[in-house]
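Once you've had a glance at the structure underneath, I'll fire off some questions.
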């Protein structure tokens, strides 16, 4: 467990008061608007900022405990910190920057390999360069590599991928997932990109003006109404726990079994029976009264309307019951009236295959 | 016109060689992976970096011309530059930072008002603070405000919204749109967020390792195959020029007329007859062989399959002919086979209303 | 350059005359109600300042060389030279260890100074007291013996300090200097014929022979001044 | 506590040190700027000339001043003839001597501070419409204030301690050029001068500690002001 | 060109200046670090003591050295008795005098450079597992090298020019303590010494320009090395 329960007062009116616990082997996303206190929490864990009071502990071992007068020095915490600004050492080449933490780690405990990281981040051609000659994204990549190579026992990442292009992100995210899963490296992760958060995170801590709004497993928190002002309307969705039930080699697809039946998704590189998680964005769910025939949509689920919330503006939220679970859909108010959607109505939910995100995760360990 | 045709050699192997022209009243997005040379171009326009050779001119007035020995000083270019790093003045309060450029602009030419900018960026409570006490996103917002208040005649924005949460972005983007449209303020914009680019940009310049990959109106460039490695597969789509044909007050929707018929979209705040642009992402287009009845999808367009490209992996690209225009769709290979999609087949394209982006723009002026 | 008659005359005097000249200045002011201004520095500095046009009225040098220099350059008036006072060269030791000696050709410097004892004086090639000491020791035929023990200080005060503190075994200074501090004792006087007469020539500066300057210049050779000189330990001629 | 003539020396010392610092500072800033930010033919030589007063024995510096700025000096004669400025024997001369001696020290401090100023901020200011000069006064100068203060302090301290160049250039005249160090020197020539020398040394120490204290207070305020506390 | 005894003075000057700089630099770095980064009771006083050699007339500094480090001095007697170190009248003593006089200058330069080091980088280094000491040597020290170089240069220059404290503390002994300034002083005391004084002054100037040139070359390399060119 990562236990955090701290209080910090800043001159100028901001105060942070947050307490939560996160699993040691997983990604905890810190979520909140600009100025909510995300960086402040990360800094407290790293030891860069000293809380006014409270306690921070990893697996029961305290990093900070104002009651007991404990404040472990930064370097002894071994928390790899990817700063919001890159903070590369200007007097060292990219390679020496990368090696800085590595050389200071125990030689026998270097599971994160230099070559692998360089390859992953695509910075091989930059090794001899100096930081001031790098572009914004290059700098950020080197900073990520440097933190990883310090072989941390905890990763603190403050918007690490903000300056990176989609393609690079798509390469780095699976690596972070691997770190999380294979090395069971706990990660505290700040990002404004909901996709990233949903993909990586096991646990979400939502902050608002220095106070906890919600904290808990991703599935729960991201569907909580308190989270709306933080996340914004468009990206609401449903997280569904599934197990891999079949692979379709021919079409490069996989079937995932879940409470309401089966979902077809692009091939998941997991063995049959493995637990995985799928996300269905509400905006990607269409509703039909009769089973649509001959459509390109491969996921058709029989459902019952449980609730229809007409919103201001053009939209309506629809909560569907699928098997024993729920699925959120978003349609226009006009469609809701046209189809006369009402609780109890049996409908078909249409989910385009391509709109299903999937990820591996270890549900038992957390819930 | 913003004319740019420059050549820069950097020690370490990178060289930039790019020539393009962009309309003076619109947003030109610079697009490309990390290290492609986006910042270098912006810096050249600002005068921060001096190209080895070439020419940069705004409306025929040269900023830089190596042949004629012209190099207009930075301050005379009046190019508001939002740097990738915020670069706030540490010895000034937030308010004095914001006022710095404003005080140096001509008093009679201050269409961008202090109060409006402060309100927009939500930094009213920070005015008395010092930059070093700001959070990453707060800093970035102040930097944006500072550049705007200098009343520039050209805006250079280098990933200005990268550190901001979705809600704040959603507030700032319309403001930038207004600047672009009302003040006809040209904007050079770097971003890795395709949504942002597509929403704001009139023109896209795609770069790859210092060379132009494609440049032109958004619609053209974003559907060009060369752009694929830069943009990534998932966000390909079709841009459709439309005119507002009807407003539906009751449901908060608008109808847009286009080559292939009519699109229903969330209300567009434009008069009837105004030209607007809609974007349909390929992944949001589903295909049905028969007209689906009683579905929540409001946009059903009769189309003809023009081309089916089976890709590696689970997907297939389908090009549909709708009226005289084209619409890109993406389905799984399995669906393509199941529906036996082939050129000439008449189908229905289903587009969920909510998946339609729309924006105003002035097509004639550019094309 | 014409000096105005009512201006207070400026007197350039070698540092070693600080004491005596200040007292004479006070006496002069008490007697006549007129003021004089002094500048005390090394003779060389003063001479060079005169050379660059310093509007001083009177120059009192610590040795004849610098007075000859200003004369040759036409800076001071040869005809006005007076040398009312002189000095004698003495050997001093720290008060505690002092034992009188006789400074003649047979004086055993080696035994007196020990193996690495130091004999401190002014710089032997530039500071007047050092030059006199070197000349005296040479004429006594002992320079070569003593040479390696000699330490040159920049001014008399520094030399005195070294002897006072016992850092140096002994020192060669003017008798006036020895009078400054109780922590040193004069253990011997160099024979007057072992070195040129130690004299302090005074002259009026060219173009500055105003009545006020002349009045003070005359006072410098008056009986009152001589008495003050005598009290300060110099040899009054 | 102090005799009237000692007070005069203290007052004169403060005056000389203050004005030497005051007048030399803008030139020091200029020189630092030239050395750190510009390049021109003969810059190396200029660099050398700036540091010369430090390397040369102060007495030599005094002589050089005498030769150039004295009443018959190559420059001094014109200063006198054209502007009626007399440096020899005057407090102004002592001030010049102190300024020249302390110049390399303040230039060095200011230069180091200038080099530490983030040029990215200057560029940013220019994109906001500020001319180079405007940028200098609104951005660069405030950010290098700690260095300027440090340079001023060094200059003040060195001026308070200056002896060799002063006595050589402008002599040792009570109330005009006899600053504390010269007074201490004179005191050591007197039979009973030790007490006075010690008193004046103590005064020097007190002045030094006082100005340091003042400087560190100012420094703290400056750092808070420029956000580097 | 130069007489043998002038060569001796030049050699001695270089030797004294080099060793004074060499030995005082680590202490200057330490003092700068204490002043810029730590706080302890009596820091203000320490600050004052560091700057004292600058404020006091050099002759007084020399005298104080004599009182403390002379063979009979409060510290000097133990240096001699316990370690056999004799400073008075020796080249070592001249080196100490030069080091003491130039100490405030190098401390100031180093301190300014130290204050300009971005502490965020130090924090980053600690998160990468470096201890405070490790951070100091791997991050802080390299980044403040330009300041250290500048401090060394000032120290060298001030040592080359040092006169007052040296002659007061260790007198003027050819081949042992007669550095260039002392030789120049001797020359200026003679009516016909101008030629020698000028020769030696020129040598000083050449040495100064030479070390400046060297320093600026080293400086450029350092700046390239630390990415601040």
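Letters A, B, C, D and E mark the chains in the order given here, with residues in each chain numbered from 1 onward.
Keep in mind that, in the parts below, a residue touches a chain if its C-beta (ideal position, glycine included) is under 8 Å from a C-beta of that chain, and two chains touch if they have at least 3 such contacts.
For each chain, UniProt lists the protein as follows: A, B = Molybdenum ABC transporter ATP-binding protein; D, E = Molybdenum transport system permease.
Small disclaimer: the values here were computed from a predicted structure and weren't measured.
A.B. asks: Moving only from a chain to one it touches, give the least number of moves from subunit C to subunit D.
C.D. replies: Tracing touching chains, the least step count from subunit C to subunit D comes to 1.
A.B. asks: Which chains does subunit B share as contact partners with subunit E?
C.D. replies: A, D
A.B. asks: Have a look at where subunit D meets subunit E and say same if over half of the interface residue numbers show up on both copies, different if under half do.
C.D. replies: Shared-number fraction above one half, so same.
A.B. asks: So, comparing C-alpha centroids, which chain is the farthest one from subunit B?
C.D. replies: Result for the farthest chain: C.
A.B. asks: With chain centres taken as the means of their Cα atoms, state the distance from subunit A to subunit C in Å.
C.D. replies: Averaging C-alpha atoms per chain gives centres 91 Å apart.
A.B. asks: Measure off the straight-line distance from the CA centroid of subunit A to the CA centroid of subunit D, and report it in whole Å.
C.D. replies: 60
A.B. asks: Measuring centre to centre with CA averages, how many angstrom lie between subunit B and subunit D?
C.D. replies: Centre-to-centre distance between subunit B and subunit D: 57 Å.
A.B. asks: At what distance in angstrom does the C-alpha mean of subunit E lie from that of subunit C?
C.D. replies: Here the centre of subunit E sits 35 Å away from the centre of subunit C.
A.B. asks: If a residue has to touch 2 or more other chains to count, which residues of subunit E qualify?
C.D. replies: 59, 163-164, 185, 188, 228, in rising order.
A.B. asks: Spell out, as numbers or ranges, the residues of subunit A touching 2 or more other chains.
C.D. replies: In subunit A, the residues touching two or more other chains are 85.
A.B. asks: Among all residues of subunit C, which ones touch two or more of the remaining chains?
C.D. replies: Within subunit C, residues 48 contact more than one other chain.
A.B. asks: Following the definition at the start, I'd like every touching pair of chains, please.
C.D. replies: A-B, A-E, B-D, C-D, C-E, D-E
A.B. asks: Using the touch definition up top, name the residues of subunit B that touch subunit A in the complex.
C.D. replies: Against subunit A, the touching part of subunit B is residues 10-13, 32-35, 38-40, 84-85, 125, 128-129, 133-138, 140-141, 158-159, 162-168, 170, 192, 194, 229-232, 234-235, 248, 250-253, 264, 266-267, 283-284, 286-290, 292-298, 313-315, 329-337, 339, 350, 352-355.
A.B. asks: Mind pulling up the subunit C residues that touch subunit E in the complex?
C.D. replies: 42, 44, 47-48, 65-66, 68-69, 118, 120, 123, 125-127, 151-154, 158, 161-162, 165-167
A.B. asks: Over in the complex, which subunit C residues touch subunit D? Could you list them?
C.D. replies: 1, 10, 12, 15-16, 18-19, 22, 37-41, 45-46, 48-49, 51-56, 156-157, 179-181
A.B. asks: Enumerate the contact residues on subunit D facing subunit C in the complex.
C.D. replies: 59, 62-63, 66-67, 70-73, 76, 88-89, 167-169, 171-174, 177, 185-186, 188-191
A.B. asks: Give every residue of subunit D touching subunit E within the complex, in rising order.
C.D. replies: Going through subunit D, the ones touching subunit E are 44-45, 47-48, 51-52, 54-60, 63, 104-105, 108-109, 111-113, 115-116, 146-147, 150, 153-154, 157-158, 160-161, 163-164, 180-181, 184-185, 188, 197, 201, 204-205, 207-209, 212-213, 216, 228.
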